[in-house]
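Presented sequentially are two complexes of chain A, the first with chain B as partner and the second with chain C.
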Partner chain A sequence: MNIFANLVLRGLATGAVYALVGMGIVVILQTTNVMNFAQGDTGMFVTYLAFFMITTAKVPYSLVLVLAIVAGAVIGLIVERFMMRSVRSRSHLSLIMLTLGLSLVFQGLAAFLFNTVPLLFPPLVTGDPVRLGPVILSRQDIVVLLAAIVVFGALYLFLYRTKQGVAARSISQDEYAARVLGIPTPSIYMLIWAIGSALAGLAALLIVPRFSLEPSFMGLIQVKAFSAIVLGGMDSVFGAAVGGLIIGVVENLVAYQFPAIKDSFMLIVVVIVLLVMPQGLFGKRQQRRF
Partner chain B sequence: MVPSRGRRLTANAVLVALVLLVPLIFRTKPSIIGYLNIAMLYALATQGLNLLMGFGGLVSLGHAAFMAIGGYTAAVLVMTYHVNMFLAVVAGVAGAGLFGLVIGFPSLRLSGFYLAVATMALGSSVADVIKRLTITGGDYGLSNIPSLRLGPWKLVSDASRYYFFVIILALVFLAVRNFLNSRSGRAVRAVHDSEMTAAAMGVNVAAYKLITFIFAACIAGLSGALYAFTISYLHPTNFGLTFSIGLLSMSIIGGLGTIIGPILGAVFWVMLPLIIGGKLTYLATVIFGLSIIGSVMFLPKGLSDLVTRIQTRLKL
Partner chain C sequence: MLRVDQVVSGYGPIDVLNHVTISLDKGEIVAVLGANGAGKTTLLRTITGLIRVRKGSVTFDDQVLNGLSPAEVVRCGISHVPEGRHIFPDLTVEENLLLAAYAMPRGQQKSRLEAMYAMFSILADRRRQAGGTLSGGEQQMLALARGLMPNPRLMLLDEPSLGLAPKVIGTVFETLVHLRESGVSVLLVEQNAKRSLEVADRAYILVTGRIALEGTAHELEANDMVKQLYLGGIQ
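Right, the complex of A and B next:
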């Protein structure tokens, strides 16, 4: 029982990582209809900047956190303004390729500027692991879990309680009708890209202490985040959050019983989910997509 | 001016002569021939992907998995079961094709982003499974794979392989071109343009999507099998998501939906890091990324657009 509780809680902590990245992808996907394959590498690049702010420039951690969010947002704004805006009406294939190209740019830049030697990123909070009843969790894990909850709450408030959020959701339903009703779609797109990319930076910064900082460290995490989105239904932030947690927990349980199939198991599950119920757990039921 | 047949023939003859003379030109630098051989193998796999994406409109983010299956099947058959090399290559192609059928099934129900995620998941899991199996050498990879042989002749030198690959490449590219101009090829392109219209015209959409997937997988499998006997070493991480994205990049940079695009893209991909060289190698990745973005935004036919422009300039 103890082992089980431990596995589940640690799984939740891992799942929170996937949820954080996944929510950023979904925010961009549901409004702008772009599946951002550069989400992970945007975060990776921001994390490199943060690393040198902390170690070389000795900027305090809390300020770096804020700066990282700002840097992510700026990257998002640039990407929207100078890349995505002119190709919005292209096919899904072109959009996927664009973001893949972007991720290559970030990976190459990071490797070129900062070398590929793995770096150890200092955790946000240090100290002994915390005992919660029978479960032992590291402090950073708790921070990641809390961050996922806060980000989810903030996104929910933004999307459902603010004018811009409602506008963003209306664009995702019908872009043309939204424009007819006077919603300034270009600025909403910019806002959404800024939020999504800021989330990428924040997520990468929070989760990098669990791994090591190298140009490819977000690769597998992003694959899992995509799996989380698929499980959650691709068009719901809630779905991405829950999907991420489920994947984290199941993965941890599978890894305990059958360590060999840890990574493949969830990937196969994702394909089956896509085939059997493409709308995922929380997505809107649609007759046919795309 | 109307392109004259004579000029085009001359140009093609010059091109063929150049291709055949390359090993003589670079006789003092055999490593360049070696890299060109790799580029040709990549071009082969990329042609499959090009068929799938450029002409069929289907995304695959797991194309390296087909190469892995082709390569590992052929290598394991030769090394562990001592099968004839030719039969092993055929088996590798068949194995990849079979897996193409498996990956092809999701494509019947999914499109766009969904297909991208599904193929990404399947492709990554293939690399992972290969890493766990013992017969494939697991995490140590498979080394000392015997070198390519054609009947009684061993193709050891880079130049001999070069000519062999040029022939294979020409045959496969001809096959793809003829396929695309055949009844089935027209059906595939019709499905790309509009699935509904194609279905209304009596095209069996599901069957043609599967055929495209199998054909593309077979070509990639052939590339993988030849790669195994050329490099003599296989490792699962070389066929993960990164390489799938690499193949995708080659096909985009070369020009999606063009026959010569894959060659241009693959040569660009292999040669650019060498030309830049040294410490700047990572800059090549940046240039690849920028090339992809530039291709999508400004040059939809990639590098082959440039070739077309040269052709019109020379009035070929």
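Right, the complex of A and C next:
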């Protein structure tokens, strides 16, 4: 029982990582209909910037966290304004290919600027693991879990309680109508890319202490985050969050018994769920514009 | 008030409108009639900046609208109710309305919202309901209310009677007459020529991107060609 509880909780912490990346992808996908394949590597690039802020410039940790979020947002703004916008009216597929290319650009740029030698990223929080009854959790895991909850709450408030958020939801339902009503859609797109990419930076920074920092470290996490949003339903932040947690827990349970198949097992689960529920667990409808 | 002068516009390589000139004075209901594909919707889209003016000019109260974004055109006092209503299905009635007054300060938004609920009581009853759950007639009311939310001086209406029951169509056209009384001008695009000419002051007939005929509603109702082509034969 103790082992089981520990595995589940550790799994939730892993899942929170996928949820964080997945929520960023879904926010962009919902509004712009663009699957951002560069989500993970945007975060990776921001994490490199953060690493050198900490080690060379000796910037305090809390400030680095803020700066990383800002850096992510700025990257998002640039990507939307100078790449997505000019292609949007032409071809939807090109938009998606652009993000794929962007991911390679970030990896190449990181390898060129920072080398590919794995770096050890200092943990965000230090100290002994915390005991909660029978369960033992590292402080880092607790921070990641809390961050996922805070991000989910913030996104929810944004999408349902602010006029920019409601406008973003309206664009996802009927972009033409949004333009007819006089909603400044270009600035909403920029805002959404900024938010999504800021989340990429935050997520990568929270995750990196578990791995080592190298240009490819977000690759597998991005695949898991994709599985999370497919599982949860591509059109809901809630689905991405829950999908991520489910994948984290199942993966952790399987890994305890059969470590070799943990990554492939999860994909089989996703396929089975999709056979039964093609719209995902919490998706309202299938994506329309693909 | 509104002047569309020798306007050419279209999509891709094709010009849909060929030197179209229309005008509308304050307090008028002007109808643009024509068959499918004549360019009626293109005309409205060109006025609101959804597509670019290629030649000619669009002016509204001495302000040139050429090159303005739809958001800027709304702020000039022109609203556009699109064909097919385009209600946001998963947003509530209230969210649908508030988005139509996106650029307005909050206090003003609230008072416009109350004005809309007073005018369309059915929407007040359904304010927390998702737009997609409304009936066709209710959705058209919501679309009209969205058009009025930004407090426009001119409202462009695209096929408001499309797909509605005759009784609801009656309500829609009555609303237009009320609007004129309250000082809102209306540019109405319709296939339902009979109904349109009943409420309109003047009308234009658009045939393959050109203005083929114009005149007061009475003149057009009496015109033989209009009778034959748009009013269902000679009575």
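Keep in mind that, in the parts below, the second predicted complex is superposed on the first by the 277 of 290 C-alpha atoms of A that agree within 3 Å, B and C clash if a C-alpha of one lies under 4 Å from a C-alpha of the other, contacts with A are read in each partner's own complex, and residues count from 1 in each chain.
Keep this in mind: a contact is a pair of C-beta atoms (placed from the backbone, for glycine too) under 8 Å apart; a residue touches a chain by one contact, two chains touch by 3 or more.
Please read these numbers as outputs of a predicted model, since none were measured by experiment.
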| query | Where does A:146 make contact in the superposed view: on chain B (first), on chain C (second), on both, or on neither? | reply | neither
| query | So, does A:63 touch the first partner chain B, the second partner chain C, both, or neither? | reply | neither
| message | Between chain B and chain C, whom does A:183 touch in the aligned arrangement: first, second, both, or neither? | response | second
| message | Going by the contact rule set out at the top, does A:275 touch chain B (first), chain C (second), both, or neither? | response | first
| request: Return first, second, both or neither, reflecting whether A:125 touches chain B, chain C, both chains, or no partner chain. | output: neither
| said: Going by the contact rule set out at the top, does A:169 touch chain B (first), chain C (second), both, or neither? | reply: second
| request: Provide the residue numbers of chain B that touch chain A in the complex, in ascending order. | output: 53, 57, 59, 105-106, 109-114, 116-118, 120-122, 124-125, 128-129, 132, 241-242, 245, 248-249, 252, 280, 282-293, 295-297
| task | Spell out the part of chain A that touches chain C in their complex, as residue ranges. | result | 163, 166-167, 169-170, 173-174, 176-184, 284
| remark: The chain C residues in contact with chain A across the complex are 48, 50, 69-71, 73-75, 79-80, 82, 86-91, 95, 98-100, 102-103, 146, 150
| query | Which chain A residues qualify as touching chain B in the complex? | reply | 29, 35, 83, 86-87, 90, 92-94, 96-98, 100-109, 111-112, 116, 216, 219, 223, 226-227, 229-230, 234, 260-261, 263-264, 267-268, 270-271, 274-275, 278, 289-290
